[in-house]
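Same chain, two partners: chain A is paired with chain B first, then with chain C.
What follows is the complex of A and B.
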């Protein structure tokens, strides 16, 4: 081989290796394009959400700008703007030491009084006051798990500047907000480290199908993905990242079908459900079978909760039922293709057992259904708080569910959940994670999707940015 | 009905019936021709459908064979064979169906469980009975395909896919629906419907046409039910609001022979109905024209025949009305009618001759009757005169004193006799010179009462058996234009006749009755009554039933009543008395003017 040729080959090899390495190295610059389905008109954590979707979207976007005192991570509760905390007498008073040197988006340094003011704004019943480098919070009624309770996005620390400007301490600051688009800029003085990207552009009110197409077409970098579309993205070589299961999909019977007399009938219908098939095929492996309301990672006792072992009706007995009892109508949200797909499978399973199931996705008036297939968020917090949240949301849908008391012990939570599912009025089917599709030009040292929901965009870089 | 009308009706009827017969004959022939043509068209369409069906089946089988042998499916089958989890392949069938243009695609494992289903993705894992390995390689067949919300009919085939260690089957096909119906080339006036026999009862929702909409099916249900039950082809004629339609029901059977659906081939009878309607209306039109022409011809013919007859009849009427000079010799007619006209004229001439002879004879008879009556009337007064003259002649021989006595007696007798003669002559003179009535407003009731006063003495004369007078005068009788004097004389005559008719007494009934047009006066008695002969001759002058009557009283009555444009008649029967009726018109003045009578007010 001639020397020149050898030199050329060596240079080409070096160039190729550099290209590979540069793709794996963090790079600064660029604007990350994110799309969400909900409409976001404000990022104020104190503002009431119009619906569950808006609440969930705000819970993802708000932590990019505003940070709470504590944070719930995969391995438990971690300090964020508070460095430590301690409970005082009788559990009614907490003292949080505020992290020092945290530079806010306006260039000032976070002060304990600002923290106290933010907490008072979101929890008027509490007494919060700065005490030196700490904030003392007197909740009145004892809240033994207050550090967990204030780890959510709603309790993020917001400094309200002149003219109502919202000032936070997160990795990004607000540049522009309107109902269709939010522009965030990197916070250069972020107390952890400046984000790699210069900014984040969040397109809101984008339908799931449009998000999918934008991601496939390279017009978006991070989008929300439905489980039923996950395999499609993966086949195209795009990443699909998932949180832990944070949503419960359950069949909730209507009051006229929730009587004690219909318990055996409900149990028979519930026994026809093939959860594994739903998870593996319908939801394309992006869900977990659910036999309890809380996901196993959150409660730890899910295996102990089994559906009532009382025998269900035999298929022959089902065939002998009157026609009105053999025909079941399940209502689903017409805009939710995931629950529709699950309902279709439920219909197939029940049909094989002798039922006739009609899936109803009404856009107007429709006959009264026998049950509804609903999605309920299972917030990543303590088991008792998560179950209480689920119970509250189910109550809002018409199924009264007993919630465990705040700070209840795990066995009390277990009993409450057992009581919730043993009547078979609420039939857990699957637990679904938050799924995100990540574009080809997105590099990251860690997954974009945080395990307990939301995005970790501070550690994301874009290929082609500054090295 | 006149002769002319009869001729008109007969000719018109003959024309109308002829046209109707022609119309019915043409309609029947056209219907038979169209029905035969329709049967041929239906047979052709059914044959076309069968060919199309067979071609579609072959096409489906070929497509699935190519699909089973395709690299893509081979690779998929290989991947499926490598893995124990079928979940990643759940969407394969939908992709294949979209790429191949098939309505149904199912990837089925060897145990019959669905790996992937295009038509019902949620059905994975369950057995698909129709795609059993035993059917792999067999020709395309009809199959009821279960879908999430309905059951469809498909033309499907099953093929095995070589996949290494595992066996994989692909069952696929096309749906029999409106798309399939659109592939059938239908002549004008025909349409094809598809009924999916997937419900226990006949359901209208399962009927589709080429447009995909469910047409009205109530009238088709009996045919559908029959074909479902028998599994054999059948036909019905359906009456739609816009016309009849012949529908052939062809069963579509699955491999087991069960009827999965029906193809309904409908042939509209609207064209036939329209043609028959046109023929019918043309028939009506020509019939109407024929009737009109026939009517004109029959009128002309009838006129030719009946006009001379009518002229003869008119001439007869005029002769009957007194116009004896009318003749019909100038009538232009056929030979028979001309002979009739000449015979009529001859008859008319003979009638005039006979009338003249009769008038002459009656005149002679009247003179004879007058002479006889005069002789009779004069004979009675003359006989005492002749006896008196004989007594005078014989008295010349008596002494003067006795002669004087006889002379005085004779002169007295002669005086009486001459006065009687004078009375008789006066009566005849009065009848001869009856004066014209002087009309004025007169009350019939007053005239009746005045007349009764004049004759009451005679009615109640001593020695006469009692006669009761029953007077019934109509207060609303009103006024008539009449000569009161003459009318009184008439009533006096009638009353005295009635009194004379009751020598043994009885009841004299006088009644007046006014109507809008006339006034009637009835004078009745309870005497012996009259015979028919007496009644017929009663008003003849000089006819009397009385011993000393002149026979002029009732003649005068009739003359006066006639002068008042009225009429008089009698109702009588032997033993039941007689009643004379006078009827005077209220408008008699006008009638009398026409007759030349001078009215008082004129």
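What follows is the complex of A and C.
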């Protein structure tokens, strides 16, 4: 049995938990101040994101305003704006019963035809129409796990009002959006009860360093935190909250190093990686060692099965390699200090095995690297969809990867993952969670960070009364 | 039209004050990847899983099956099912090595195994859709429950229920206690007649079987009946009813010894022929038919076992711990996982110093005797576990 320990993550989380505020009577009022690194010019779920960071930031903010028919929670798929769903025997047509009495941000009540229009806007190829208190969706090509597919933020129900106003049903309504600031106001008639705070102010395009300083200085209440900064916040008595691991950090070899002839060489380099040390030392306990693309909680099988443990070259064989094969250049995103820190540690480990590793963080043109250290989101959904998402993002980075078909059986997902990692072109290193720093005036009986990503800001209140 | 899924309606209201006060624990629980889960929610997968393993291993083969320590019950079930298919459970040799674990992802419950024999490697995966009710049953909320039995000024060694009466063992007597509308009161007492001089740390144990009972003391065994209330004692050492084999406490001593010479003070049944014993200097030791091994945990003076409580697959143990105030002990709850004691959040502060913690021989309950120095009395409590899901 391969030990897959996340002890360091557990320990760090417990340490962070020490600082959790004791329960207090919730208070209404005040404006919660949140900061994000990405620029958010719109919250429209249908709008294409400019990059992964913007996509991730919107996935956090959008659910505060818009809600999909279904929701994926830690215990599986749950109803949200739909109360139930059925599929016709032939598999291409679904019927979702729309929850009654949901008051939209404009004061009207959500109608099935509005749901159908929203679905059509985001999926033009589908046929969606109201049928009584339900909406029928014909996807054409059968999607056997449609309720899972439409649980993401992109499929949230948006009612497009006059002048292009975006009307949702979530706990907050949009008051103002510009590229540097988003103002949300509490939705008094929210069907799951009004949020405690009156509003949320989201400052976007804030660099991580600035977010830290703002949190420490009391100018922000919830900020994004890099793993390399977690200890600093905890030492100052501030809370650091974590989701489940939702991102894969992996080493991806470039095509000239991805040949079959170089397989033993790649295995040898991969075998030098000390994942536990990266997790506990570099990432300050805020990560879990990764020997698979999917985190074990997403696959369900990763702890029992080794995806790749083929033998590596011996150290003497490494020493006998030509110089150009003993020298490895790893490229990292110059703006990403976390992957830079991991790469530096990889260099130390590889050096002990006889390799010379150069870490390259170019801001302009640079020599061709041998590998890149990349971060890839592992979305909280079914194992096959999560792996398909990872494969798609890796493909976009140049590593062609086969994805399991939607709704695939788990053994098919396993085989696809095995195919992804067995050539050692993609080397999983760590799985990292979303981390948030939470300020002293934030009270909550539950964590601000949702286990599957994002924030639970409707459940937050501000201590000290109305500011 | 075929109904594939019909989801339950609704979210509950946000009742803050009913949520666990320990946000810290909640955070820790939510933040970390789920560890290996108990076996119980996966037992229904065992037949299909064993069948898949059997097909991969081949007919009449030998296999060594290993699950994580938390899933021993599941391992036993899979081994049993494999044996029924003619697959022997053997370690080493040409036996296939089966590393298995059951877990969940967001959609399914998953049992996965990697089967190796030499260079041959196979993988089997068995899944079943998640069910919210079964999810809810994964982790019982277990708490120590104390029920006061009796209190008196004089020293007590043990208390046992005998029908609607209580038997109270003291160093000098056995008393019969009635507990009715008038309150608990001693209605009869019989002296323990012996030539022995009790050790300074005198210990005693009662065993009730219908209308008769036995009292065990160091070098003395008494036998009696409840109705009529009678008692006869003899200066003889008998094995005490601890479950773990022993020859009783020798006169002028306070410890037991197993037939192979292991000295222990208390023993908690863990089920499956395994025991957790308090050895010398409070060292906790796991004892089974194969021998003894240290249980990595803090030292303790008292342990009681609850092997089959809460439908879990790992037994629970209650041990003593120092409470925050002087002259007071606490009971602390642990789960036994493999050879480790994993502390659980439940603990109960006692009103004094714990002087005895006697497990029921079959486990599932215990009797705690507490000396409240400040109030100048001894109190007896029935100790059990409450389980919620």
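Assume the second predicted complex is superposed on the first by the 437 of 467 C-alpha atoms of A that agree within 3 Å, B and C clash if a C-alpha of one lies under 4 Å from a C-alpha of the other, contacts with A are read in each partner's own complex, and residues count from 1 in each chain.
The working rule: a contact is a pair of C-beta atoms (placed from the backbone, for glycine too) under 8 Å apart; a residue touches a chain by one contact, two chains touch by 3 or more.
Computed from a predicted structure; not experimentally measured.
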Query = Taking the superposition as given, does A:277 touch the first partner, chain B, the second, chain C, both, or neither?
reply = first
Query = Touch check for A:285: first (chain B), second (chain C), both, or neither?
reply = first
Message = Contacts for A:244 in the overlay, against chain B (first) and chain C (second): which applies, first, second, both or neither?
response = second
Ask   = Which partner does A:78 reach: the first (chain B), the second (chain C), both, or neither?
value = second
Request  = In the overlay, work out which of chain B or chain C sits against more residues of chain A.
outcome  = C
Message = After the superposition on A, what does A:231 contact: first (chain B), second (chain C), both or neither?
response = first
Ask   = Should A:409 be classified as contacting the first partner (chain B), the second (chain C), both, or neither?
value = second
Message = Which partner chains sit in contact with A:348 here, chain B, chain C, both or neither? Use first/second/both/neither.
response = first
Task = Report for A:434: first if it touches chain B alone, second if chain C alone, otherwise both or neither.
result = neither
Message = Under the definition above, what is the set of chain A residues touching chain C in their complex?
response = 1-2, 6, 9-10, 13-14, 16-18, 20-23, 25-26, 70, 72, 74-79, 82-89, 99, 145, 147-148, 192-193, 241-245, 288, 295-301, 303-306, 380-383, 409-411, 414, 431, 433, 444-447, 449, 451, 459
Ask   = Okay, in this complex, where on chain A does chain B touch?
value = 231, 274, 277, 280-282, 284-285, 341, 344-345, 347-348, 352, 358-359
Task = Give every residue of chain B touching chain A within the complex, in rising order.
result = 85-88, 90-91, 120-126, 148-149
Request  = Going by the contact rule at the top, pick out the chain C residues touching chain A in the complex.
outcome  = 1-11, 13-14, 16-17, 19, 21, 23-28, 30-36, 66, 68, 99-101, 103-110, 112-114, 123, 125, 127, 130, 132, 135
